[in-house]
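Pasting in a structure now, in C-alpha cells, and then I'll have a few things to ask.
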Amino acid sequence: MKGLRVAGLTKSFGGVRAVDDASVTFQHGRINALIGPNGSGKTTFFNCVTGMVKPDAGIVTYHDRDITGRGAHKIAHEGIGRSFQLCRVFPRLTAVENLLAAVRPGSIVRALAPARLKSDVDRALELLTRVGIEHLADVEARDLSYGQQKLLELAGVLMADPETILLDEPAGGVNPALIERIGVLVRELNAEGRTFLIVEHNMDVVMSLSDHVVVFDRGRPIAEGPPDVVRADPLVLAAYLGG
Amino acid sequence: MSLVFQSLVLGVLMGGLYALLAAGLTLYFGVMRVVMIAHSAFLVLAAYLAWTFTVHTGLDPMLSLLVTVPLFFVLGVAVQRLLVARLRPATLTMMSVLLTFAVALVVEGMLGFVFSGTHRRIPLSYSGARLELFGASVALVKLIAFGLAVVTLVGLHVLLKVTRFGQALRATMQHREAARLLGVDTDRVAGFGFGLGLATAAVGGTALALDSTIYPSLHWHWIGPLMAIIVVGGLGSVAGAAVAALLLGVGQNLLQIPLGTTWAQTFFYAALFLTLILRPQGFFGGRLAQRF
Amino acid sequence: FGGRPAEGGSGGDGPIRIGVSLPLTGDFSEPGKGVQRGYEAWAKHVNDNGGLLGRQVELTVLDDQSNADRVAADYEKLINSDRVDLVFGPFSTRLVIPAAQVARDYGFLFVEPAGAAAEVFNQGFDNLFYAAPAVAQDHYDYLAEAIIAMPEATRPQTAAYAAMDDPFAQGTANGLKEKLAKAGVRTVVDEVYPPNTTDFGSIAAKIADSRADIVVGGTQYQDAVNLIVALRQLNYQPKLAAFSTAPTNPEFPEAIGAQTEGILSPTGYTPKADYPSNKEFVDFYTREHGAAPTEDEANAWTTGQVVAAAVNASGCADPSPECQRKLIDWLHGNEVQTVVGPLKWDSAGRPQGAHLIQQYVGGEIRIVLPADAKEAELVYPKPAW
Amino acid sequence: MRSGSETFVKAAGLVALAGLVVAFPSLASDPFVLSVGVVIISYAVLATAWNFVGGFTGYISLGHAAYSGLGGYATGLLILRADVNPWVALLLGGLVVAVFAVPVGIAALRVRGASFVIVSIALVLVLLLVFQSWESVTGGSDGLRVPRPFDADVLRPEQHQRFFHLHAVLLAVMLLCWWVIDRSRFGMGLKAIREDEDKARSLGVPTVRYKLAAFVVSAFFTALGGGLYALWFGFLDPIFQFSILVGSNMVLMSLLGGVRSLFGPLVGAVVVGYATEFFKAQYGDTQMHLVAMGVLLAVVVLFLPDGIIPAVRGLFVRLRPGQASIREVTQEELAEEVRR
Amino acid sequence: MPILLCWRLTLAADLLELVDVEAGYGRAALVLRGLTVRVPPASVVCLVGPNGAGKSTVLKVASGLLAPRAGRIVLDGRDVTGRGPQSLLGAGLSHVLQGHSVFPEMTVGENVLLGAYTVRDKARVAERVDFVRTLFPVVGSRWDALAGALSGGQQKQVEFARSLMVSPRVVLLDEPSMGLDPKATATVFEQITRMRDAGTAVLLVEQNARRALEIADQGCVLDLGRVHIAGPAQALLTNPRLGDLYLGRRP
C-alpha cells in the first residue's frame, strides 16, 4: 500500500508511555491532520516516524518498505520531510543557504560539486518567493522574525523535495494573516501530489485544511475520519475539544 | 591480600580528594555550562597560597583556608563578572574553553613569575604520621584531605539542591530572562555560583598541597582526570561526580597492582570513553553529555 | 622578523661570545638556573683572570622554556643570528639531544653539563662531550660494588626499584638493578611512573608490601620527596634507601620532614674534593653567591673548563668549521683536569669515571663511597625514618 | 553578487601571497629566521588542517596534537623500523593516521560541544601515556630520532629552505581542498551540522558520515603536517608531541584568524608564531610570556570572537554604502502591492 | 499612516503607561518607533500584529528586560524607566515570556515554586500550589518530572502555572495560548478574565487574535513598531479593514 503506515508503535520515556501501541494509516496524497491534547504523543510520534528517536516497538512502513529505526537522514532520503514544533533554522546561514543545505548531494563526487549551482539557487529563490520572503534571501536566519523563520523552515523542508511532509504546529505563534498564506501554499503543494501530515491545535486551520483527521489521546489514536465527523465524535469532544 | 586492602584504602582516600578537586568543575560545567579549564590552575594557586602561608607564619596550612576561601570566592565572582559574562550566550560553552584556557595560562605564568618553577612541598611535622586500620596504614594527611572533601561536597550538595540560592542558580543558568522575571538577581547569582566553584578550589588546593609537591605547570596534569570524573559521573551532578571519583580512585589504585602506574592512569580515559559509548548521560544521573 | 645583522663574527680581539640555551622556565627551571649560575660564575672567573686567549668571554643565555622544539630554535638562533663563537649545552637529556643535533649540523663543538642518559651517546654525535664524571648507568657503580662486597649474612636479598619515566632517571636505577641482579639480589618491585606523577601512595604500597631489603629510586627531585613521604606513611623501613639527584638538593631535608638519616645518593661533585681547580672554584663561587656550589653549578663550571682547555690547546675560538673541528678533535684525544676530577671521553662523548656515593650521616650529607674519598662510614642498615 | 574588481583584487592578492611564500627563503636574513619561517608555516599547516573539522562542523578539538604526533611517529617508525623511503613513509603515515581516525571519530563524534572537547583532550593524554610507556615500539620517553630525508651534503640552511617549500606545497594543497569543500554541497552540509545537527539530519544530511569524513580529512592533513615537521626537526619527544598546548595552539590560531575564512588559520598562525617569538624575546627567562599569551588569547575571545579576517572584512562592509535587504512595509501596504 | 494611542474612556489612573517609547536590540535599527500604550487597572489590553511587529519587544521594555532608547515607562504613576525586572517585580509587575521559558533541567515542582521566589509566606505558597495543581492537572501529575521532558504544550502550561504563583497588579502575557490544546487555552483565557475581575491590569499579546479580543477591553494593532489602530476590542473585531490583514478571516 502506498504511503505511510504505522503499526503498534510504542515509545516510553522512563515511566511515561508517550506513544502507546499506536497503529495509524494516513491517506496518501491528501492533507491529514493529527490532533490531540497536550502531551498525547503527537511530537513523539513524529520523532519516531522520522527517525529522530528510536521507537521501543512497532513498525513504520513507507510505500511498504520498513523504515523503522532507520537514521533520520535515511528516512529523509525516502522522501519524508518534517518541520519542528519550535521552529528550527540554521541561524548563521542566510535564507538561501538554509535552503541549499537541504539539497541532497547524492554520490560523493556530486557532494563535492559547488553548492551554489545555478539550478539549485534558482529553485531556492523560487521557493522563497512562494513563501513570500524572497527579499530576505541574503539575510542570516537569526535576524528573521519568528513568523519569517517559520516560513523559511517550511521552504527548507520543501527544498529537500519530500513526497510526504510532516508539519508540527505550523500555525503556532504565526499571525493569522500569515496562517492563511501557509494554508494556501499547503493546498497548492497538495495539488502537486504531496501528502501532508499536520499537527495543529488551531481548530480553524485543521477543519478548513484537512481531508482526514486522526485524534490522539494518551499515545494512541482514539478516532479518525473526515473533519466534520471527528469534530462531532463524543470521544474527541471529551478528550480534546472539551464539552 | 593485604596489598589489595591497602590499595583499596588508598583508593578511597584518593577518590575523596579527586571528588573534592572535581567539585567546582561540576558546578561550572553542569550548572553553568562553562568549561572551566582554569579550575586546576586555581587549585595550584590555592596550594601555593597555603604553602606561602605555612612557610611564612609557621602555622598549619589548614588555617590558610580562612583567607583563601573568601579570597577565591571574590576572585570567582570577578572572573565571572568581568570575563565569562561577556561571552555571547550562543557560543558560551565553546568560547569559555578558550577564555578559561587563557586564564589558566595567566595564572600559571604568574605563579612561575612569583614562585619560580621550583617544586615545593609544605613542610609538615605530621607528613609521615599514620593510623592503623585493620592492618592498613592510613596517612593522617590523606585522612584530613578526605575529611575536607566530605564536608565540602555535602555542603555543596545541600546548597545546590535545597537552598533558595541553589534554586536561583540553576534557574539562572537554564533560562536567564525567565529567572530575572521571577525576581532573581541573575548577575549576582551567576557571580556567586562561580565564586562558589572557586571557593571549592581553595579547599581542594589546600588539601592537595598537604600531601604532594606543587609547581606552576602541575595543573595540566589534573585537567584530564578531573574532566574524566565529571563525564563519568554525569555532567552537573555533584553526587555523581563524587561516586565516580571514588570508583575511579579505587579502580586506579587496584589496577596499579597488576598494570603499573602508567597503564593504570589510562583507566580514567578508558572509563571516559566507555561512558560516552555506553551511557553518555553518565552513570549516576546528570545531564546528557551527548547534547552538551 | 629580520634577525640582527651579524656583529662581532669570527676571530679578532673582540670578546669570545658563547651561546647557551637553558631551561630557565618550565619543568627544568630549577636546575636550569643552577647551571646558569655556574656558567656565569665561570665566565666571571675567566674574565677576572685575563680571559680566554687573552679575550674576554661573553655569555648569551636564552631560555628554552624546557621545551625540545624551543631548544633547537635557540641554538639555531645563537649560531646564525647571534653568530656566537662557541656554544655550551643545556640542562637535561631531553633537551640535550635536539640541541646537539643543531650544533652538529653547523659543525659546532657541543660540551654539555647535563645529558647523562645512555641515549645521548648512541645518537652518533661526534661533537658531543658530557662534562661530568659518569653517565647515568654508572652513577651507582660504587654502591653496587659495596653491596656485592658485603658478607652474605647481612647482604640485602631483595630490592625494590621505582624510576621516573625519564631517560636519565631510569638509567640510574637500571644501572644499579642490572649489577645487583647479576650478583643475586632479587628484584621484587620494578615500577616506572610518568614524570608528572604526584600520588605515590600505590607505588609505595607495592614496595612496602614486598618488604624489600633495599629501595632504589631513579628520581629527579619532587618524585623522590613524594615517594619517601609515601613510604613513611606506610611505615616501610628498608635497610638501605638510595635516590638519584634529589637528596643532594639543599631543600631536600626540609621537604621530607627532616627524616633523612641514612638516605643515599650518587653525586658527580663535592665541594670538598681536592682536585686542583676545585678549591679555587668553591672559594670563588662562595664569595660570589654566599653559598657553596652544588652539582648543577659544578657541572656548568666543568663545561667551561673543558671548552677552555680545548680552546687554549687549539689556539682558536671562532665559529669556523676548521676551528670547531680542531676543538672537537683535541677533546677526543686528551684528558682535561676539572673540578669533578680528570675527565676523558670515548668516541661518543661518554666520560669514563664514576660518581661518588653520598649519605646523610648525622644530619649532614657526606661522601661514604668510594673508600679512598670517603668522609664518613657507610651506615648500614639505615636507621628508621 | 560579486563584482569583477573584487575578483581581480582577490586574484592579485593570491598571486602576491604565493610569490611571497616562494621568495621567503631567499629574503630571510639568516638560517635562524628561515627556521622560524618553517615553524610558522608548519603552524599554518596544522591550523588549517584543524580547521577542516573545527571550522566546518564547529566541533572544537583541543586534542589535535594527537594526529600530528601520530603522524610524526608513524613517519619516523616506518622509516626506522620498516626501512621505508622517507617520503613514502610520510604519505603512508598520513594514511595510517587517517585509518586510525575512523574508529576514533565514530566514538568521539557521538558527543557534542564541551563533551567532545573533553574527549579530544583525553585522547591526547592517553596517547601520551601509551607512547611514553610502550618503549619497545615507540622508543618510550627517550624519544625517537627521525633520520633526515636528505643526504648529508644538504646543509642545514638548505634543508630549512627545502622544508619551507615542502610545507608550502602541503599548505597550498590543503587550502585548495578547503576551498573546494567550502563551496560544495558537502561543505554546506557540514555547516548545517555546525548550526543545528538534528535539523540537518532531518533534512537528509548524513551527519555521521559527513562529520566523520571531515574528521578523517582533518586528521590526515594534520598527520602529514606532523610527519613533515618530524622529518624536518628530526626528534620526537612524546611529551611535546602529545601536548594539550600544541592542540590549543591550533585552535587559538584558527580562531584568531577566523574559522570561517579560508586564510583565517594561516593569518592566525603568522600572528601567533610571530607573537610567540616576540614574547619570548621580550620576556625570555620569566614566565611572563605565558601571561602575555594568555592575555592575547583572552582579548581575541572577548573582542574578536569571529577572528581577524571577519573583523577586517566587517570594517570594509561598514565603510561601503549600506544595502537594505529587509523590506519595510506594513501589512496594509503589502496587501496593496499584492493586489496590484 | 495613522498614529493613534491606545485610547480609552476610564476615569481611573492607568496602572501601566508606556509613553513615546523607542527601543531596539544592540546596534541594530529601532524596533519600536515612538509608541504609547496605556493599561488601566482591572482591564485587559490586547496587542495584536504581524510577526516581527515588535509586540514582544513592547513587553520586554515594559518589564525592564530591555532598556528603551527614548520615552517613559510609568507604573502606577511613578516613572520606572530604566529599572530592572527585579525591582519592577517588587512593584507588582510580572511578565510571562513568549516561547519556552521553563527551566528544563529542574522539576515541574521546582519550576512552579520558583514562581514564588519572592514570596516569603509559606502558607500562601502552599495555597497557590494547590490552586495551580488543580487548574492544570499535568502540573500535579508530573510534579517530580524534569520540565524539559514535557511536551511543548505541557511546558507552556507549567509556565503559566508558574506565573500564577504571585498575584501582581500588572501582568504582561506574551502569547500564553501558543501550543496549548483547546481545553488548556480555555483555562488560560478564563484565568485572564478572572485576574482582570480581581483588579489586575493585563497586557496581553496574542496571535489567537479574535479569541483574545473577545475577552479584552481594549485592543491595539501594532505594525512596524508603531501603534497602527487602537480602540475598544469589540470595535477592532468588527473593523472590516483589520480582518484580512491582521486578525485572519472570520471562521
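Annotations
Should a chain be cited, it is by its letter among A, B, C, D and E, assigned in written order, with residues numbered from 1 in that chain.
Here is the rule we go by: a contact is a pair of C-beta atoms (placed from the backbone, for glycine too) under 8 Å apart; a residue touches a chain by one contact, two chains touch by 3 or more.
The UniProt protein names, listed by chain, are A = ABC-type branched-subunit amino acid transport system ATPase component; B, D = Branched-chain amino acid transport system permease protein; E = Branched-chain amino acid transport system ATP-binding protein.
Bear in mind the structure is a predicted one, so any value in this text is a computation, not a measurement.
Graph distance from chain A to chain B, where chains that touch are one step apart, equals 2. Graph distance from chain B to chain E, where chains that touch are one step apart, equals 1.
With centres defined as mean CA coordinates, chain D is found 32 Å away from chain B. Work out the mean CA point of chain C and of chain E, and you get 77 Å between them.
With centres taken as mean Cα positions, chain C sits 74 Å from chain A.
Averaged Cα coordinates give chain B a centre that lies 37 Å from the centre of chain C. Taken residue by residue, chain B touches two or more other chains at 112, 117, 220, 260, 262, 265, whereas all remaining positions touch fewer. Among the residues of chain E, those touching two or more other chains are numbered 50, 244-246.
Within chain D, contacts with two or more other chains are made by residues 129, 132-133, 286-287, 289, 331. Here chain B touches chain E in the complex through residues 164, 167-168, 170-171, 174-175, 177-185, 236, 287, going by the rule given at the top. The touching residues of chain A, when paired with chain E in their complex, are 13-14, 16, 36-44, 85-86, 144-148, 150, 169, 172-180, 201-204, 208, 240-242.
By the touch criterion stated above, chain C contacts chain B in their complex at residues 25-30, 33, 165, 191-194, 196-199, 201-203, 205-206, 208-209, 221-222, 225-226, 229-230, 232-235, 251, 254-257, 259, 385. Partner chain C is touched in their complex by these residues of chain B: 2-3, 6-7, 10-11, 13-14, 112, 116-119, 121, 123-125, 127-130, 137, 139, 141-142, 211-213, 215, 217-218, 220-221, 252-253, 256-257, 260-262, 264-265.
By the touch criterion given at the top, residues 58, 60, 62, 107-108, 110-115, 117-119, 121-123, 125-126, 129-130, 132-133, 244-245, 248, 251-252, 255, 286-298, 300-302, 305 of chain D touch chain B in their complex.
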